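Both complexes shown next keep chain A, but they swap its partner, so chain B is in the first and chain C is in the second.
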Partner chain A sequence: MSRPRSQAEYLARLVPPSVAGLNRRSLLAGAAGTGALLGTGLLAGCGDSGSGSGSDSKTVSVGSNQSDPKPKDVIAKVMAGFQTASGIQPAVNTVDHNTFQENINNYLQGKPDDVFMWFAGYRMRFFAAKGLAGDVSDVWGKLSGYSDAFKKASTGDDGKQYFVPASYYPWAVFYRKSVWQQRGYQVPKTLDELNILGAQMKKDGLNPIAFADKDGWPAMGTFDILNLRINGYQFHIDLMAGKEAWTSDKVKKVFDAWAGLLPLHQPDALGRTWQEAAQSLQQKKSGMYLLGLFVAQQFNNDEQDDLDFFTFPEIDSTIGAKALDAPIDGYMMARKPKSEANAKKLLEYVGSKDAANITVKNDPSTLVANTGADTSGYTALQKKAADLVGSATEIAQFLDRDTRPDFASTVIIPALQQFIKNPKDIGGLLTSIENQKKSIFTD
Partner chain B sequence: MSTATLTREPAAAAPAGRRKPVRPARVALHLFLGAVAVGWLFPILWAVLTSLRSYQYTAANGYVSLGGWTFDNYVTAWRTAEFGKHFLNSVYITVPAVLLTLFLASCVAFVIARFSWKLNIVLLGLFTAANLLPQQALLIPLFRLFTQVPLPEFMSDSEVLYDSYWGLILVNVAFQCGFCVFVLSNYMKALPHELYEAAMVDGASVWRQYWQVTMPLCRPALAALATLEVTWIYNEFFWATVLMRTGDKFPVTSSLNNLRGEFFTDNNLVSAGSVLVAIPTLVIFFLLQKQFVRGLTLGASKG
Partner chain C sequence: MSDLPLIQADRAVPPPAATTSTGGRGRRLRLLSRTDRVVVTLMVLVPLLLVVGLVWLPSVATVLLSGTNWDGIGPLSEIDWVGLKNYDDVVNNYPPFVPAVQNNLLWLGALFVVATPFGMFLAVLLDKEMRGSRFYQTALYLPVVLSLALIGFVWQLIYSRDQGLLNAALGTQTDWYGDADVNIWAVLFAAGWRHVGYIMLLYLAGLKGVDPSLREAAAVDGSSEVNTFFRVVFPVMRPINIIVLVVTVIESLRAFDLVWVINKGRNGLELISALVTTNVVGEASRIGFGSALATIMLVISLVFITLYLTTVMREDRR
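Up next, the complex of A and B:
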């Protein structure tokens, strides 16, 4: 695979693995990959194209990547709520999650919908910096119920807001209450306690920590949390932005700690998908699993109440255990929407309590970003997750959303997989990452 | 009638008894052919097999097991991916594209085959060479072009070629013409020249020579090409994905992606969807096999 030359080329051709979560064996992956690789990426170099003239029509179009049945249904209900509230007719254009992502670059440069769904953090800032997204700072003036962490995640490099958060989910260590009660396990508060617990689980015939990295992205979660615990949020973000050296002792310490924990992880992780790892937790063969809240999808309805989690324990007491990964999904506005007023009205609505309430009522698998929403409909797990994120001092977006997607996919995925295969040569691995980083972070 | 068949049977059986001894080369050939056949059939059969099993069962027992039979995957796939709508989209694109390709290609082929002028070979070369261009390399100019070419609103709600069926039809016609011109011109060259002399003596215009003399004679070639083109254009995935942005307008091949979840992909469901999408091509292939195979060699030799 030849390496594209510009940042934009990279961005368009890569499937962000954390969100894609797709199984590479699926029949279409190859075709889709080729399409994205050869097609969309190259467009980035092109300039802009004419956009429709302003009109005072009563419609607004929404590009949605929520193609799974349940979220799709929720979006339909939120849009119906918007129509009732404003009298403006929203037209939802749903494109499947992965295709939407692969095509985002030519989507934005072609004729994008007035409002479209996207991700917070680096991914949003990237398009904002390219001038492909509309400034929605004045919408933020009318929004309420968002914590500063969410506002920060919605702000572009120029200090303006380009994003309205809608939902998010945290990464944490999940376990089955029944297993832990039966064996008398306690939630570990420090790394030492985690090690002791792991040793005990091994003795009891369990895999202490379920682990899978066949698709490349799940291991990023482990790296993120270790780096956040050992070096703190700011270092993590700077490292992701290419400002810190991967060869530094700080990063080496992260991998050393990981290497120490690897014996507690399920072996042969590279041949396993996260679904399979989650099933080992569900089948009570593994003791715990560090993953996103979506792990619950692998549990039957009657087992949902048996699922619990804790945030990854503290490693360095001066840094604490308050930062975590919690990817945020939300809405952005096109650069030149057909009707800016309507688009902003829609953004205001989807950021409102009303929209959040509709989401809470209809989808038990997400958390809504607006803290003003009525969350009495949350399950115990959701409540706990919301509390966890609410108490977080800093929220990272997950490795592949916090850094250049090309760096995440072409450098970090193979590097982490190599590390899992051979955890001995950390020095060589980090040198190789650093060298590749320098060739990617050029501007 | 019945006696005739009866008396014939021993005669037919006789040569079989005198068959030559089996040679090792022949065994090797059949082993090879068998292996190739398995290699080609395996993925399809595997997909069919997988599509008929429930995810819960395969998740618990692995794919190398038997059981968990269900037909639900097909029902779910049809519903979630909205195949009904997308099949219709494929028809909107495929039918006009095939008809237009055949018409335009036959026009060019007729001129190349029947008229002697300086640029004959150049023209044929041009059309054939277009086959060699990697389509993806043309994406950027095409994409830019398509976003600039306006269409009236009654033709497409996007008001440009981009994100319209017209655009996709045009792209497919453009890319398929080269091959069709090549095949048809060689076929037409093989038609006896006397026919045209006779037609000219009778005062037939060029158009009549084309439409009433050449086209009826080209029916086998056109049938073969139509079969091939329907399959190719129907299977086309790349352009539909990059030149469309409205999910509801995607043809069925691109809409197969709808079955992939955000975090989770049910392979059994995707298999069922793939089998559904493959059915039209399989039907066309099995019904029109003869034309299909002939189409590949048509015009390969001039009579």
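Up next, the complex of A and C:
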């Protein structure tokens, strides 16, 4: 599932957000779904052509899922930088973001490119454990400028690194400074303060918390942050890995807290796209919105300075409020690259601050993972986002990247939508999730 | 035909003449040369291979895979056999399944009871050669030309809760696509909107082919318009009626695109086809589980296919 990154999507702004929502996620996925065979063929084709040219010791093939014009352009510039620096010719095979993701199983088992783009998280570790990705620990020996949190996020179950981070974006609660100043709202530090603030916003005629879950994934962000605040990072990760029971009191507490907050959320979320919810924030009809940094896409250029955020407030003082969702995009190496040396050289380069600098310079809406990069070009919002993630003790990758994709898409999405529809029957819902979990997490 | 073999095996080579006549019945029987036999063999073999390769093998593979827990990763030798566990899970441990079956049946019912008769009604009206009938015909048929994905867009603009035309016009706050009690009807309306045009055109074509003298005869006998249609025209149109019926059943079984475009067939819009796609295609790769769903869909389709084939064959035998 591709979450739209903060790269400017000018085209998306030309169509009404209700349609844009379809366009971005559903339609592409639908097209990918109905044309699955075709997509597989395409990917296989790309793999073939890539590995064919990879047999020469002066080339390396890269499978890219950055199919939007802006990121695609940035990747091209980074690759050009690599060619200048190393003299190795990179061949980029760009595949539509959703198609790439839908076909990743076939892609990796066929003839994948030497280096391919993927996300940190459970799925990355799963591919590593299945032997579908190459060990890049020695590349990490040469990398600098990465925090421990990023290294942890790049490490497989066996303690070796399989991933090189490139960019990321945090999830936080966004709001418009002008609205908050006008009404004298203060950033809430605890759940109680959030409840009081929400009640005040309601009194002022605002939707306290904008909310949308038509596409199924945005509500995962709410679950993630509540679980991280109530039960902490380790429990969250274990729960995602299928090691903890969904029927436990700890999970029940999360849903109870969510049920308590639901009256503050924008009603009828299941028919709304995230773009529409973001627009309600932009139009000053909603007070705040828990979403990724890409929410800024829905704001006009002259409104960008008015956008601010805070991290979700503390719920349990023994847990604190230092963990958050910040999905990381980056690169992995195929299990058997045509030229391992070239692939590793490329990984080293894309993980270097030179590559990060090219990204910052050409795409002012991306946060780069390498702290050594020159980030003086960041906007105030980007700087704050980078600081927030930099100070995080643990970084989760978002629910659908932290757990099995089949569990996330076929169990969690319907379950969370069911909860939003009927928040009363938490016990029955959790039993159903646990039973389905047991049938999926079998190995 | 069966009593007259097309190929008179070895006796035919080499044929003394291209044709010969059998008895006094005047039937001509072609005796085949070597080239002809090669051609015939090819003409049988190629479609046979295509049907076996593209229809039967995948179907059998689906049924077989439905007994496994394959996740699409690793060689075929690593597939574990789990028996009927997937079916057990589908029925007892998969909340979207029951709503999906209900929605598929509802879809069939709505198209059969409302959309199809309405489309036929419109065809009868248009057949009256009223003024501007071309215009109406085009207007009604237009939705069929649009792809279902596009229809999803169009209706999204109308149904959107916050920015949609319908809520703006009615001054309501109904969550047309999000409220699980409402959205299936909203979608059925959109699907029916398209289906009506399709049936209308099919039926209109059929009506144009009805011999006008039948109607004239009925009129001369003093039959009313309604009576003429039900007693004379409708029975004469039997082949078209069957086609319309089959099209309706097919449309409701393969219903997929619209709900997939709207919300991937979740939250009140579950359909078996959408569940199969969610499970099999994409990153999820619950191939075994999804195959079980697909097999169930195959069985449901078979019921209708069998009904259809028995009807048609009975027809032929008469």
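The working rule: the second predicted complex is superposed on the first by the 389 of 443 C-alpha atoms of A that agree within 3 Å, B and C clash if a C-alpha of one lies under 4 Å from a C-alpha of the other, contacts with A are read in each partner's own complex, and residues count from 1 in each chain.
Here, contacts are C-beta pairs under 8 Å (C-beta built on N, C-alpha and C of every residue); 3 or more make two chains touch, one makes a residue touch a chain.
Quick caveat: nothing in here was measured; it's all calculated off a predicted structure.
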Partner chain(s) touched by A:K111 [first = chain B, second = chain C, both, neither]: first
Touching partner for A:R272 - first (chain B), second (chain C), both, neither: second
Chain B versus chain C as contact partner of A:H97, first or second or both or neither: first
Contacts of A:G351 with chain B and chain C, given as first, second, both or neither: neither
Which of chain B and chain C A:P218 touches, first, second, both or neither: neither
Partner chain in contact with A:Q297 - chain B first, chain C second, else both or neither: first
Touched partner set for A:P327, first chain B, second chain C, both or neither: neither
Intersection of chain A interface sets (partners chain B, chain C): 19, 22, 26-27, 31-32, 34, 102, 106, 276, 279
Touching residues on chain C, where the partner in the complex is chain A: 69, 71-74, 85, 89, 93-96, 149, 152-153, 156-157, 159-164, 173, 175-180, 183, 257, 260-264, 266-267, 277-279, 281-286, 289
Residue numbers on chain B that touch chain A, as the complex places them: 47, 59-60, 80, 134, 136, 139-140, 143-144, 147-148, 158-160, 162-163, 237-238, 241-242, 245-248, 250, 254-258, 260-265, 267, 270-271, 274
Parts of chain A lying in touch with chain B, wherever the complex brings them together: 19-23, 25-28, 31-32, 34-35, 38-40, 42-43, 45-46, 49-50, 52, 63, 66-69, 71, 93-99, 102-103, 106-107, 110-113, 275-276, 279, 292, 294, 297-298
Sites on chain A touched by chain C in the complex: 1, 16-19, 22, 26-27, 29-34, 36, 101-102, 104-106, 109, 123, 130, 132, 214-216, 268-272, 276, 279-280, 405-406, 409-410, 413-415, 417-418, 421, 432, 435-436, 439-440, 442
